[in-house]
Amino acid sequence: MIHVGIVGSTGYAGGELVRLLLQREDIQLVGLGSKSYVGAPYASVYPNFTGVLEDCCIQDDIGALAEKADVIFTATPQGLCSTLVSESLLSKTKVIDLSADFRLKDVSIYEQWYRLEHASPQLLPEAVYGLPELNREQIARARLIANPGCFPTCSFLSVYPLVKAGAIDPNTLIIDAKSGTSGAGRSAKVDSLYCEVNENIKAYGVGTHRHTPEIEEQLSYAAGKPVTISFTPHLVPMNRGILVTAYASLCKPLAAKELRQIYEEAYAGEPFVRVLPQGMVPQTRFVEGSNFVDVAFHLDERTGRVVMMGAIDNMVKGAAGQAMQNMNLMFGLPETCGLRQLPIFP
Amino acid sequence: MIHVGIVGSTGYAGGELVRLLLQREDIQLVGLGSKSYVGAPYASVYPNFTGVLEDCCIQDDIGALAEKADVIFTATPQGLCSTLVSESLLSKTKVIDLSADFRLKDVSIYEQWYRLEHASPQLLPEAVYGLPELNREQIARARLIANPGCFPTCSFLSVYPLVKAGAIDPNTLIIDAKSGTSGAGRSAKVDSLYCEVNENIKAYGVGTHRHTPEIEEQLSYAAGKPVTISFTPHLVPMNRGILVTAYASLCKPLAAKELRQIYEEAYAGEPFVRVLPQGMVPQTRFVEGSNFVDVAFHLDERTGRVVMMGAIDNMVKGAAGQAMQNMNLMFGLPETCGLRQLPIFP
Amino acid sequence: MIHVGIVGSTGYAGGELVRLLLQREDIQLVGLGSKSYVGAPYASVYPNFTGVLEDCCIQDDIGALAEKADVIFTATPQGLCSTLVSESLLSKTKVIDLSADFRLKDVSIYEQWYRLEHASPQLLPEAVYGLPELNREQIARARLIANPGCFPTCSFLSVYPLVKAGAIDPNTLIIDAKSGTSGAGRSAKVDSLYCEVNENIKAYGVGTHRHTPEIEEQLSYAAGKPVTISFTPHLVPMNRGILVTAYASLCKPLAAKELRQIYEEAYAGEPFVRVLPQGMVPQTRFVEGSNFVDVAFHLDERTGRVVMMGAIDNMVKGAAGQAMQNMNLMFGLPETCGLRQLPIFP
Amino acid sequence: MIHVGIVGSTGYAGGELVRLLLQREDIQLVGLGSKSYVGAPYASVYPNFTGVLEDCCIQDDIGALAEKADVIFTATPQGLCSTLVSESLLSKTKVIDLSADFRLKDVSIYEQWYRLEHASPQLLPEAVYGLPELNREQIARARLIANPGCFPTCSFLSVYPLVKAGAIDPNTLIIDAKSGTSGAGRSAKVDSLYCEVNENIKAYGVGTHRHTPEIEEQLSYAAGKPVTISFTPHLVPMNRGILVTAYASLCKPLAAKELRQIYEEAYAGEPFVRVLPQGMVPQTRFVEGSNFVDVAFHLDERTGRVVMMGAIDNMVKGAAGQAMQNMNLMFGLPETCGLRQLPIFP
């Protein structure tokens, strides 16, 4: 039995974590922390859990949680987790941070893009970027996981094989991403109101979105050199899902067959990455509710570019599912434990 | 291991059955019948199963299926199942019919509302109406299950306790129902196009919807006398979910507390019915993806009426989930087997 | 040229008023009042007006507005308008109040349902209920208009002919209403977030919605006796539109043909009410963006009840359009002036 | 009074044309042609016109129409219009073709991308590409207008100023476009069903979409040299609207201020193009129902690229509205006649 605590359990990512964890029999929830709903029954905050979960929300006290939790998920605003985590805390419990605090190794880049001072830069070297397809072994040994952002997860996995193989020039990469609205969180803002999002599509954070340096850092490792990309997210009137459409120039003439081979080799044996058959494109509806990443590509011979596409459920592979996948690895469990739900359609 | 065949597996209800069955380890799919997609990989029809299911669709041949299946689900157009099922077939396999063919005991009412001749009226006495909350024991012994309609499931469970207890006059019942669009099926019709359904709400089948006599028959049993109701379904721009709002006059003065007690006693121990705490109303989003039925009521002292409300996921408790719940009962398995998924939100 | 001021111009109803007024050439906007956006360009609050409207929002000062406006629309929270209007103000300008403050003649009923003290009950006798189909002549002579609520407009016009004609028993009326989300306004509330409304339907204000006494009062006038009804609104995942489904028992046997005649006579010559041909049902998509009210009925001989249905655009006929229709009448203009836009579909 | 005929009036673009034309007092509809609905009242096909339009659909006979129409709009499948139009027809009436048949000057490119033989290539030199912002004067003198595609209209107007000015390298252009579902038309296809489109986003026609050569041809004229681009459309769960996000490398270092000046000069005096203030991005909701094109750009100094964005209502500026704008020019009317509707929000 793994004892699990959550700090920031009442946001959408927290709610999804609770859903995934509650469906397992080897997990015990020992503390549902919240800032806004202390004392309220969790099932009054998320009535989908009516009759299933009796717990009330508790104060977000990570120190107290650490006394009884084997692992703590932090689903908190940027900048908070780094004030909470310390060597002392990590000596008692593992931490999987769903915020961005430990994703960027270079603290100056963090501070520049997030406009925050980092409270515990000394822990950055230890933190492991929790993308299992990349860092499976380090994750298994880690105490502190930086759970990847939703856009970086989808963007990176869509283009990684071709970057790694040197097939495309990573500095020509243009990533045009589209996200459902759950990514904006549950806070009450006019911009997130139904009537503002419905029947609309718009870009946001053009040229300034904070997931940009995270994608660049991971691509730099894959390319073995610094990578600068264009990244533009868009808000789509749907609850869940991220679709990435990425464009890059080939470095040398390659046939579609060769590109396919690169993808298939890169993801051979991966339980959650599906390289789609030729002619199929990733669609968010076919990964919804699951931890799958669907990827595909199109070689455009007219332009010498490859169009790479990927789809995830931002709440699962883009947040809570990937966090639980990391937990599985950290506790020596099968990586797919609790994550075998098939996509729900329609 | 239970060997399962499906006739009509490529409609939405068929797809949901496949999803629920595939997630179990005690089930083997032995035949995915289809009319329109024979020979096609099932995962090309429903790409959510890419990489998970290799089977191709086969001809809808129930006789051949019966040789290898322990149970066959029929998710077929009205009038077809009754031409397929026979004593001989039932001697080889169990049948759970998701169509309406065996739901009404009175063949003349079937023929009047469905404008079809019934092909095997001799099987009607044997068929069991597959609402576990009502007929758990007969279901366990049945060979032929009439899986209830989506609207009847939600309508009946919303009002049943008060009708059974004689608290309300069932002939004053007005049931105003609202359904997501998956209930209209996957056939290509202008009325089901995105642009026709989106940003719209309308009533349909006003005074003539075929689920009316099904609700009336079951209510008549509960009331111990003939019941005639008003039933109006509406089409709502969402994928899944049914909400029922039902109105009836009290037979005698009763306090809200007494009504609550009636509900709670009626559903005590039921694994899938949740009587919501006072002040909460059923919402389709909080049952989505699950087999739950959420019910609540409001006593309106001004009018002497009770407003009864219920919500289900029409694809799960309203179709495939309930069918699997029936299968569990027929095979002596725990009723909740494979049905413990929590509602997915948002 | 009519000089128009708006108090509370930055809510959704205010925005719709601005849209309708700006499209006219005989109107001059002389003051766009706001509480939250004072000083901001109106086109930054509603960017649909970019390049069309240069005005900035001003303080909500009705006294100052009255000096330059021939008419003032108040689109303000309940209870505010009655503190702003006075004999002195009405001696300078006409007022069309989109809030509920002057809709109910009986101040005690207002105070009971709205839980507010009424600040100017002495003006209630003068205020005219601004439903042109009912009160066209009084409106033309009025200084103070109580613009009807969105649900009451649609509910009343759907059932009025049969109540007036004594065809149905008004005390058996059950009105089940469905509304798009713009009715909830533009304030930032968790319940109005995209992810909370999308893929969901729920009832709200069951038995307690404030539009209930407004409908009852108007029906009482039509019936010539006190009327008590059941009214339940539902929230639908769409931006605009109200659909009403109303049920009542016939007082005496009547044929569908007779009922139709009652409707057609009641609405003969009405520019905005469309009695739909037999077999058609009102749908919100076919009135969207217009001032039309589509009504239809179904005689259910099995139950002796009539199902009456109506659809409006809650922002137009349910708010800003009807307010402008009232303005037209008050200034002796053709009633349809500026309101001839056809419904926009899809 | 202009007498107008429509061939193919019962598709979505036809319905929008009827809506825009009916709202004018200087237009008389003399023939609503249809293939599928001959003899049916037009208002039964599009019930938004109930009570407003009595006409029935007639056979799609362009020859007969030409006898009474001053102008004929053809909203027909690709390849049909070129079989209908002839010198003889054009001697009797003007033609505005909403299909692609006369958009590409090079018949071999048409035949390659559309996989159709062109039936009247001799008319291609005469046909004028009906983008008023570009070809206002030729349109005024034309008999045959090729009304631009929805994606080309939005794509071209979003990037045109910078291409024309030589600020960006047009061969680095990547256009990632997003469209509402009305663009898929009203034909009954599984892919256009509500449940397939809702809660989903996907790319389609990757590398092969037929609007690609149309955009390239117009950009080539602007650049004065051949241009090859990447173009990927996506399907978004909303009814109306196109958003374009386009990326290109600067040819030389330019400041944001200089780019803005290029845009503003290019579109000075344009009645329908709005260059948004700095910091605002185009959103489809703020042009819906109008003929506006909202454009903006972001200079990304990190990458040396410019992100150009544009939004239109695909049914108005992307189809029927632009067609009517062309009609206005051809008949010497003010270009904005009948097109001054403000965007409808929410």
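We just call them A, B, C and D in the order they show up, numbering each chain from 1.
FYI, a residue touches a chain if its C-beta (ideal position, glycine included) is under 8 Å from a C-beta of that chain, and two chains touch if they have at least 3 such contacts.
Note that the coordinates shown come from a computational prediction; the quantities given were computed from them, not determined experimentally.
With steps allowed only between chains in touch, the distance from chain B over to chain D comes to 1.
The rotation relating chain A to chain B, fitted on Cα atoms, amounts to 180°, rounded to the nearest 5.
Averaging C-alpha coordinates per chain places the centre of chain A 36 Å away from that of chain B. Distance from the chain A centre to the chain C centre is 46 Å, each centre being the mean of its Cα atoms. Mean C-alpha positions place chain B and chain C at a centre distance of 38 Å. In chain B, 12, 182, 195-196, 198-199, 237-240, 283, 285, 288, 346 are the positions where the chain touches two or more neighbouring chains simultaneously. By the touch criterion given at the top, residues 12, 15, 19, 22-23, 46-52, 182, 199, 239-240, 274, 276-277, 280, 283, 285-290, 294, 315, 340-346 of chain C touch chain D in their complex.
Across the interface of their complex, chain D is touched by residues 174, 176, 178, 180, 195-196, 198-204, 206-207, 228-230, 232, 234, 236-241, 243, 245, 247, 281-285, 288, 298-300, 302-303, 305, 307, 309, 311, 346 of chain A.
Residues of chain A touching chain C in their complex: 12, 181-182, 184, 186-190, 192-199, 237-239.
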